[in-house]
Amino acid sequence: MRARLAGAFAVAALSVLPIVWMAATALKPPGEYVSGSTALWPRAPTLMHLEALAAARVWRLGLNSLVVTLGTTLVALAASLPAAYALARLSFPRRLDMAFLVFILVVKLTPPIVLAVPLYQVLRGLGLLDTLGGLILAYQIYALPFAIWMLLGFVRDVPVAYEDAARIDGAGTARILLDIVFPVMAPGIAATAILVAVAAWNEFLFAFLFMQSPSGFTLPTAIATRINEDETLWGQLSALGLLASLPILCLVGIVHRALTRGFAGGLA
Amino acid sequence: MGAARLRLLLLIGPAAAILCLLSVYPLARLLVLSFTDSDHGLAGARFVGLENYAELAASRSFRVSARNTVWFTVMATASEVLAGLGLALLFDRAFPGRRALTLALVAPFVLSTVVVSAVWRAWFHYDIGFLNVALRSIGLPGVPWLFDPDLALGSIVLVDLWQNAPFCFLILAAGLRAIPPEVTEAARIDGAGAWRRFRDITLPLLAPYLFIAALMRSLDSFKLFDKVYAMTGGGPGNATETLSMHVHRLAFRYFEIGLASAAAIVMIVVAALLAGLYARALLKEGAR
Amino acid sequence: MRGLPVRRSILALAAAASLASALPATAQERLVIAGRDAAFGQALAKMVEAYQAANPGVRIERLELPGGALYERIALNARERTRALDVVMLDDIWAPEFMANGWLADIDRLGGVQGAFVRSADAVSRRTADGPRFAVPFVGNVAMFAYRTDLFARHGLARPASWAAVRAAAETLREKEPGVTPLAFRGMRGNPIVTGFLPILGAFGGAVVDAQGRAALDNEAALAALTYFLSLKPLTPRGIETWNATEVREAMEQGRVAIAIEYWPGWAGTLDDASRSRVVGQVALIPAPGETRGPAPMLGAWMLGVAADSPNAARALDFIRFATSPEQQKRMAIETGNPPALAPLYADADLVRAYRWYPAQAEALELAQPRPRITQWNRVEAILGEHLQLALIGQMQPREALAEANRQIARALAR
């Protein structure tokens, strides 16, 4: 028991150490973080990096991240819930369901860098370049395959008997979905929503390529711009990294529950 | 069209439409460009047939990238699944503070790759990085984490392990929880030792979860780009260049769009083969 | 299930809110400037501030991007003709390509910009020697050479007058000064290692492309330069193959290396900043030395141009005139340390007092060699960068590396 606790504590400490280092560096003056000492805690803590970020009005970027995250999640759920239901319950002609699932996985496997340039042209053609709406659309490439994949398992967990009963009572598909299937799946939907949201919040590549004006940047892009050719602003980078991670770290309990449910439900 | 077909269309339509818009056109473009010699796009491209593919097959750096990608995928997946298994077993019994320590364990997984790459890049610095400074403070020599060609890719595996072992931990912990305690109890009463119980009961019941964890991690590792781009840029030499990095370099540094497209198509074909395997397994699960 | 209607309406509200805020905003007179980050970004920021104060009716948006990303952004917008950019900041090496592709507006035809620009920077802002001007020099950047005067004085070493002298000095320091690594450069693959190598190549009489525009690395001069470059490796810190600007700067400022063969004026400002530097007043910047030929410091001038498809070209030109005026250039130098593009300012008393290396920099700018004026430089640089690094880590012999690089560069130039 004690060995178990010690082991668990050691592993948890290793997991958290880099994050603590980042938090400490955010408060260290430049002289200290280039000096190469193991001292985690700053000798002369300073708020200069946080002040620099506030002067750069970084809260506006946080708002962009929030808008994109919420939008992506909502659009992804709206599209993937019916699709997951169809794939799980309905029969498709000519094994199209298998084909669709393979297609989804291929999309999931395609390296984002490969899709980036043609996607740029698609967004430009639609007039959605440099808009948060365009980013929300582009993120469906990540979000939809993942959401469909996860929700597929959860749909299967809903006992068919419930739907059969409702159908005998004369309910149409929309009724069945909204009043029976989705409510029963609610924990699974929440789990999927949380994971899609986390991925959208953290995404970097498309945000960097498709948002042109600095006022439209999201938090990960802002973090990446702290590494420039001439120097790396470790203090600001750490502070920004911490601020971007803090909301999610606070929700880690919820994310944990979502993931656990996701794997228990999706696989059983 | 029958009512059933219409319903099918309405349900799967939105998702299918969005995905087609965002992937079919780009993929079609990629396919067409892979048969051309171009430095920008379709305008001004010259048709060259299978020349790009032949060039990739003969290209030393493409083969190095492919080898690096396979090595990384295998090492990252194996280490993450094993670590996840170990952690799941460690956290399987209740002990004081388990909830809080579990949250600490999961924390790395929710961070952005930009943040993770930046922090670890600082830690890997030979002179003043946290790791080497710590090693030297206990009398050990510093390790050339990112600039020894033999170690660099392993260092990136280490970072990936740190970030993604929690993911495998969660899957396998769910799997362990799904094992009915009566089964292991019965085995214990029958006199089977801890190792026997693990090998003959736990492991087989855990098999589907191990499979899922391994498959998900290997699909993700295959795409590796962000961490390499941020930490080594593919160097030293070509030691950490993965297929995604290779495609990026061809497209954005050398402007060999035709060649980059061909390399991308090769990646997608390999991915599709893996995907086919997995889709069949997933649908079979559902039918059971 | 009771809570479902409430939850649904909250969801609907959130959806509406996020979609609404995702719609593009309405426009007014807009000026979009695509520029660099870091010190250049600071310079532009202050200019934008000043210009905005003088012109409140204009809404100015400034993109801050690292070099590679800036190039990609400008190229992508120009190719797609998005009309999204007005003022673009460009490296002198991009100028041949941008001018050849017609991505920059003819400044003279728009009204022209007058100024006593540094000769070498002025030359690269035109397509031909007395042709029209397509860009205006903004920052007079040139690669310089940095060394610790205190350590050199302590061991009786003179200011290095040739590359051979540099190596001799480094070897002396390796023996006599064990706490300090003698020499550092940027060894990372690609632009960093090429930038460090080019002044050496020039000093040994080599060139990447000859006067006829053909690949010229397969000769004795280039081999001598590369052999010399590789002979410096034992004098550098471990891991030099992954070093970029951050590592070199930090090593110099923390006193861990004595010589940096490539040091940019934009980096020099923090050398004398006591809050982060341990070598205040002890580092001198000089033009890079010569060898068989005279010094060949690499010109890295940054210029401002007007995008050919800019919807607001007149305003763009007005901003450029503002940014390259003597008052603004002097202010830029004083406040952000960016070297000005106007030659007379290098003799200005205030500036020399603030930046003790300005006379040396003026000298370097006179001798500065631009990179080859070819449109395919990006590709050539990537090829050279890869092979230089393979030679540096010992995976290729120098002769083989040069031959292979030459072969691939010849192919790239032929397209």
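A, B and C label the chains in the order they appear, each numbered from 1.
In the analysis below, a residue touches a chain if its C-beta (ideal position, glycine included) is under 8 Å from a C-beta of that chain, and two chains touch if they have at least 3 such contacts.
All values derive from a computational prediction rather than experimental measurement.
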{"item": "Chains most often in contact, by C-beta pairs", "value": "A-B"}
{"item": "Farthest chain relative to chain A (centres taken as mean CA coordinates)", "value": "C"}
{"item": "Distance between the centres, which are taken as Cα means, of chain C and chain B, whole angstrom", "value": "36"}
{"item": "Intercentroid distance (Cα basis), chain B paired with chain A, Å", "value": "16"}
{"item": "Shared-contact residues (touching 2 or more other chains) in chain A", "value": "34-35, 121, 227, 232"}
{"item": "Shared interface positions of chain B, touching two or more other chains", "value": "41, 125, 127-128"}
{"item": "Touching two or more other chains - residue numbers and ranges from chain C", "value": "250"}
{"item": "Residues on chain C engaged by chain A in the complex (per definition of touch)", "value": "1, 4, 11, 14-15, 17-19, 21-24, 32, 37-39, 61-67, 69, 73, 76, 80, 82, 84, 244-246, 249-250, 253-254, 264, 266-267, 275-276"}
{"item": "In the complex with chain B, residue positions of chain C that touch it", "value": "68, 72, 79, 188-190, 237-242, 247, 250-251, 256, 378-379, 382-383, 389-390, 393, 395, 412, 415"}
{"item": "Parts of chain B lying in touch with chain C, wherever the complex brings them together", "value": "39-41, 125-128, 142, 144, 146-147, 149, 232-237, 249, 252-255"}
{"item": "Of chain A, residues touching chain B in the complex", "value": "1, 4-5, 7-9, 11-16, 18-19, 21-22, 25, 34-38, 78-80, 82-83, 85-88, 90, 92-93, 97-98, 100-115, 117-119, 121-122, 137-138, 140-141, 144-145, 148, 152, 156, 173, 198, 201-205, 219-220, 223-224, 227, 232, 234, 237-238, 241, 244-245, 248-249, 251-253, 255-256, 259-260, 263-264, 267-268"}
{"item": "Residues on chain A engaged by chain C in the complex (per definition of touch)", "value": "29-31, 34-35, 67-68, 70-71, 74, 120-121, 124, 129-133, 136, 179, 183, 208, 212-215, 225, 227-232"}
